[in-house]
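Two complexes are shown next, each including chain A; its partner changes from chain B in the first to chain C in the second.
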Partner chain A sequence: MRKKNWGRFFGILGLVVYGIFVLFPIYWTVNTSFKEVGDVYKVPPSFVPTKFTLEAYRFVLQGTGRIALSNSLVVAIGATLIAVVLGTMASYAYSRYPFTGFTNEGAQFNLLTVRMFPPIAFLLPIFWLWKTLGLLDTHFALIVTYSAFNLPLAVWLLKGFMDSLPRSVEEASYVDGYSFWQTARRVVLPLIGSGLAATVALCWIFIWNEFIIAYLLGGTDVILYTAYLPALRRGMRIMWNQIAALSVLAIIPSVIILVLFRKYLIKIYLR
Partner chain B sequence: MITVSVSHLVKRYGKKVALDDVSADIEGGSFFCILGEPGAGKTTLLRIIAGLEIPEEGNVFFDGKEVTLVPAQKRDVAMVFQDFALYPHLTVFENIASPLRASRMEENRIRDSIQLVAHFLKIDHLLDRSPLFISGGERQRVAIARALVKKPKIALFDEPLVNLDFKIREDMRAQFKLMQKEFKQTIVFATPDPVDAMSMADQVLVLHEGKVQQLSTVWEAYFRPANLFVATYLGFPPMNVIEGELRTINSQTVWQASSLQVEVTDRVGGEREKERTVLLGIRPEHIVLGEEKELKVRWEGEVVLSEVVGSDTIVHVRVDDEVVLRSFVPGIYRVAVGENVKVGFERGDVYLFRENGETLAFPKRFWKGE
Partner chain C sequence: MFQAKSRKIKTPYYLILPPQFLIWVVVIFPLIWAVYISFHDWNPTISPQRTFVGIGNYLAVLRDIRFLSALGRMLYYSGLGVTIQLVLGTVIALALVEYIRSPRIRTTVLVLFLLPMMMAEAVAAQMWTLLITDTGTINNILVWLGFSPVGWRAKELALTTIMIVDIWQWTALPLLIAYAARISIPEGLYESARLDGASKWLILRRITLPYMRVPLAIAFLLRFMDSYKFLDKVFIMTYGGPGTATELPTFYLYQTAFSYFKVGYGAAMSWIFGFIAIVAMFLFWRLAKSV
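Entry: the complex of A and B
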């Protein structure tokens, strides 16, 4: 009994330490975002702002920061939607129809290899592709590129859900008199709902946090917030409070999505 | 009147032939049973009738109109799947309503139709529940309700009793028969269990490895099996089969296997002498233990196993080195393993089969026109 209590004690202690480890950077970012820039460089650092100010937020939301955030929202929403919609259709095909030439696993693995390369390996040709088409630095180019990079992930996640959906349920719907698309809407989509939610969340996180593509394919006309962050340096001084403020704002959409979809994400990891 | 007819169906999956030249006519209002082992092609045949599968060769006709290429949603069919295939995200009511909503029936008529079917199948109290939280037997009744509620031209049942436990299965057999009478519904019922066919079916189609073995009434198949497969498949416990030869002894045709002999009186054509290897079949219920009765054929043997099945007994008796006969004894019959017993049967109960399985002779009392 004593032994068990100790185990429990250390377990909780471990979790507390881990919690501090994970949460402290977030706390520090929030803390910094409400400081004046002079306060940021104070030694020793203060754990609460000595003078609470929204100065940094005001700056970020006035200028390019707001544009960068709204660009990021447009691109991330667009690319996530495309990746998930196409991913749903592709995963259905992978799950239901035989592929000639490959086994289904082979065909699907081919798609997954796209994600195994570091994106930088593809980016030069992609850069030239968009440049040649005159589409460099547009929402369109960013959305298409992000969709392409996240489609394999979406397919891979959703195929698992499609596979676990019994075929007979779809066939029952055909026999009941519903067409293919009616069946997709009435039966398939509701039954893979949790898979869709999880896929949306994961695609969103990858796209929203991405830097290299944003930096190389955008950055002038269409600047995403990840590409804008490094620009917040003024000569010798790094405006940590502004960077922190932008970071706090950028965390918000992801937090909303993760809180809404967390039970579906857990389901994926438990499978 | 013939409602559904299939002719010369062929279906392959890769190299495996699922259906090989299958033809059948299904009469309106009848209970039609497709009987066969797992993998015999039963499900494939149902799926082709349903329109979920297109045959490589052959045609499907509904009321004389060809529908081979018409998809499932445009045929007037219903299907009860082996796994029931209920929509897990909808209530029981919505599950049953599904085919009616597809045909855009008015809401109050949907309600009435469902009440009627649900009442008959005793699932009224489940209508608001989720199919995930009801028992297997209840799930099946929901699946049946969904199939019957739209009054289809033909209702297809794919081994619906397999996933149920023994007690419910007994119950459901009676229910099916009642239901079919009540709704005057044409039913095609696929099952691996000959008991299902014998207790419910009007017509039976026996399939083996994709080929039709026999298409007839159930009793025809039972009494006048077309071949050895049908003879051993229908009936429980299965027919005893012993390999032997036909000989002529004192101008009398005799079937013989080492020490065992049966005089064969029923002549089937003159070619019998030519047959060398002939299989003798005798149903376990025709083999009598003991000496009470006057029987033409008497053998002696040793009990090797006695099993009680339900309230009856099956006694396995070794009558020859290689030959163990099963005898079906009604009631609980106590006999010790190793005990010597006499077994006997009437010559008139004997079936004979050619080496390739074709029926050579069945008991005279089942001859046609005599």
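Entry: the complex of A and C
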């Protein structure tokens, strides 16, 4: 009995130590975001802001920060929509109609290459594609690129949800006289609704978090927040409180998604 | 019945074509162009002229010391880093199930532990840069406690520092997968093992770990792929420096193609790197299956 208690003690201690390691940088960022810039550089460091101020947030939300965040929002929403709509179409077809040879295998292959190849290797030709078309640094190029990159993921996830839906449900709906589109809209989509929502959330988060595509395909006219972050670090005195404020603002939607979809995360990553 | 069957044959193509079109235009067609350009010498900042060099670029990449040492760094950064993430994640997941009984507290702790994984690599890199600069928070705390400051971004330590940040952010993924695998093991197995008088160590070795083998192999694969794929942390924390101390292959690729504008050379390098990565993945997968 005594031995067991010691094991439990060390187990919990280990969890606490890991918890501190995980949470300290996050706590420090939130802490810094409420500081004045002079307070950031103080020794010994102040564990709570000596003077609590929203100045950093005000600055970020008034200047380029707001433009960057709203650009990110537009691009992430647009690209997610395209990826999920096209992904739903493709995954339904792949799940319900046995394609022979090429198409099905081809889809799998698309997925694998997109996942394994480093994005920077794709970006070299894609950069020149958009440059040749004169579309570099536009919302359009970013949205199309992001949706193409996330389409395989959407197809992969959605096909799993579609496969688990019994086919007899649709047959019954056809027997009741529903057309193909009616069946899709009134029967199939509601039944995979939560899976669809999880897919939307995951695609959205991947696009929201992406850096190198945003940096190379955008950056001047259309700047996304991830590409704006390194730009904030230039200059003699780095405005760490503003960087922290922008980081906090950028993390909030991801945290909401994590809390809402915690049950799905496990399913999604294990598939 | 007949009608349903004919529907099956007719419908799919308009469902498949738009997604395939997008993939072909944005991914596959540019890749084919990249193959074409990799046989040429082309620096668009100097002249629009493309000179055909055959496989010259490929041979040059294979002899490029900077590329090869970047590969070596990747082996350290990804190999060691991901192994630590996997072991740490598994241990934490098992401890979570073993020592925290209340499902509510357990879920809360799990969500807290998953936080780093949800944020952008770029944001994580920025957060940590604040902590690890020479006058950053960690050094401030060290000095305050009477230790000497550590050069986290100095030549010897920089790559390891980035690896620690990667561990901080991504231990969450193996943790999540290991947790899911652990709670899906039927509890009855543990009960009957305990009835038979099996020790904890034996239960761990004979029940828990064998059950978790495949998910953990998948976790390793996913993590390894992502860790060689992304250059965000290097880009933001050190920009490859000091010197070339943190230059991973993806970052060298970025430099070649977008700073030096050696486009043909960069294309050849991306094919070689992609090929190496895919072969490594397949070898690992075969190995994981056979063990």
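Things worth noting here:
Just so we're on the same page, the second predicted complex is superposed on the first by the 240 of 271 C-alpha atoms of A that agree within 3 Å, B and C clash if a C-alpha of one lies under 4 Å from a C-alpha of the other, contacts with A are read in each partner's own complex, and residues count from 1 in each chain.
The criterion applied here is as follows: contacts are C-beta pairs under 8 Å (C-beta built on N, C-alpha and C of every residue); 3 or more make two chains touch, one makes a residue touch a chain.
This one's a predicted model, so the numbers in the text were calculated from it and none came from an experiment.
Touch criterion not met for A:160: it reaches neither chain B nor chain C.
By the touch criterion defined above, A:172 lies against chain B but remains apart from chain C after alignment on the C-alpha atoms of chain A. Put chain B and chain C next to each other and count what each touches on chain A; the higher total goes to C. Looking at the shared chain after the overlay, A:49 reaches neither chain B nor chain C.
In the superposed pair of complexes, A:190 makes contact with chain B only, with no contact to chain C.
Of the two partner chains, neither chain B nor chain C is touched by A:219.
In the superposition on chain A, the residues of chain A contacted by chain B and by chain C overlap at 171, 174. Against chain A, in their complex, chain B makes its touches with residues 50-52, 71-73, 77-79, 81-83, 85-89, 98-99, 102-103, 146, 150. Of all the residues in chain A, the ones that touch chain B in their complex are 166, 168-169, 171-179, 182, 186-187, 190-191.
Against chain C, the residues of chain A that register as touching in their complex are 8, 11-12, 14-15, 18-19, 21-23, 25-26, 28-29, 32, 40-45, 82, 86-87, 89-90, 92-94, 96-97, 99, 103, 106, 110, 113-129, 144-145, 147-149, 151-152, 155, 171, 174, 180, 205, 208-212, 215-216, 226, 229-230, 233, 240, 243-244, 247, 250-251, 254-255, 257-259, 262, 265-267, 269-270.
Taken together, the chain C residues at the contact with chain A in this complex read 3-4, 7-9, 11-12, 15-16, 18-20, 22-23, 25-31, 33-34, 37, 88, 91-92, 95-96, 98-100, 107, 109-116, 118-124, 126-131, 135, 137, 140-141, 143-144, 168, 173, 176-177, 179-181, 215, 218, 222, 225, 228-232, 235-236, 249-250, 253-254, 257-258, 263, 266-267, 270-271, 273-274, 277-278, 281.
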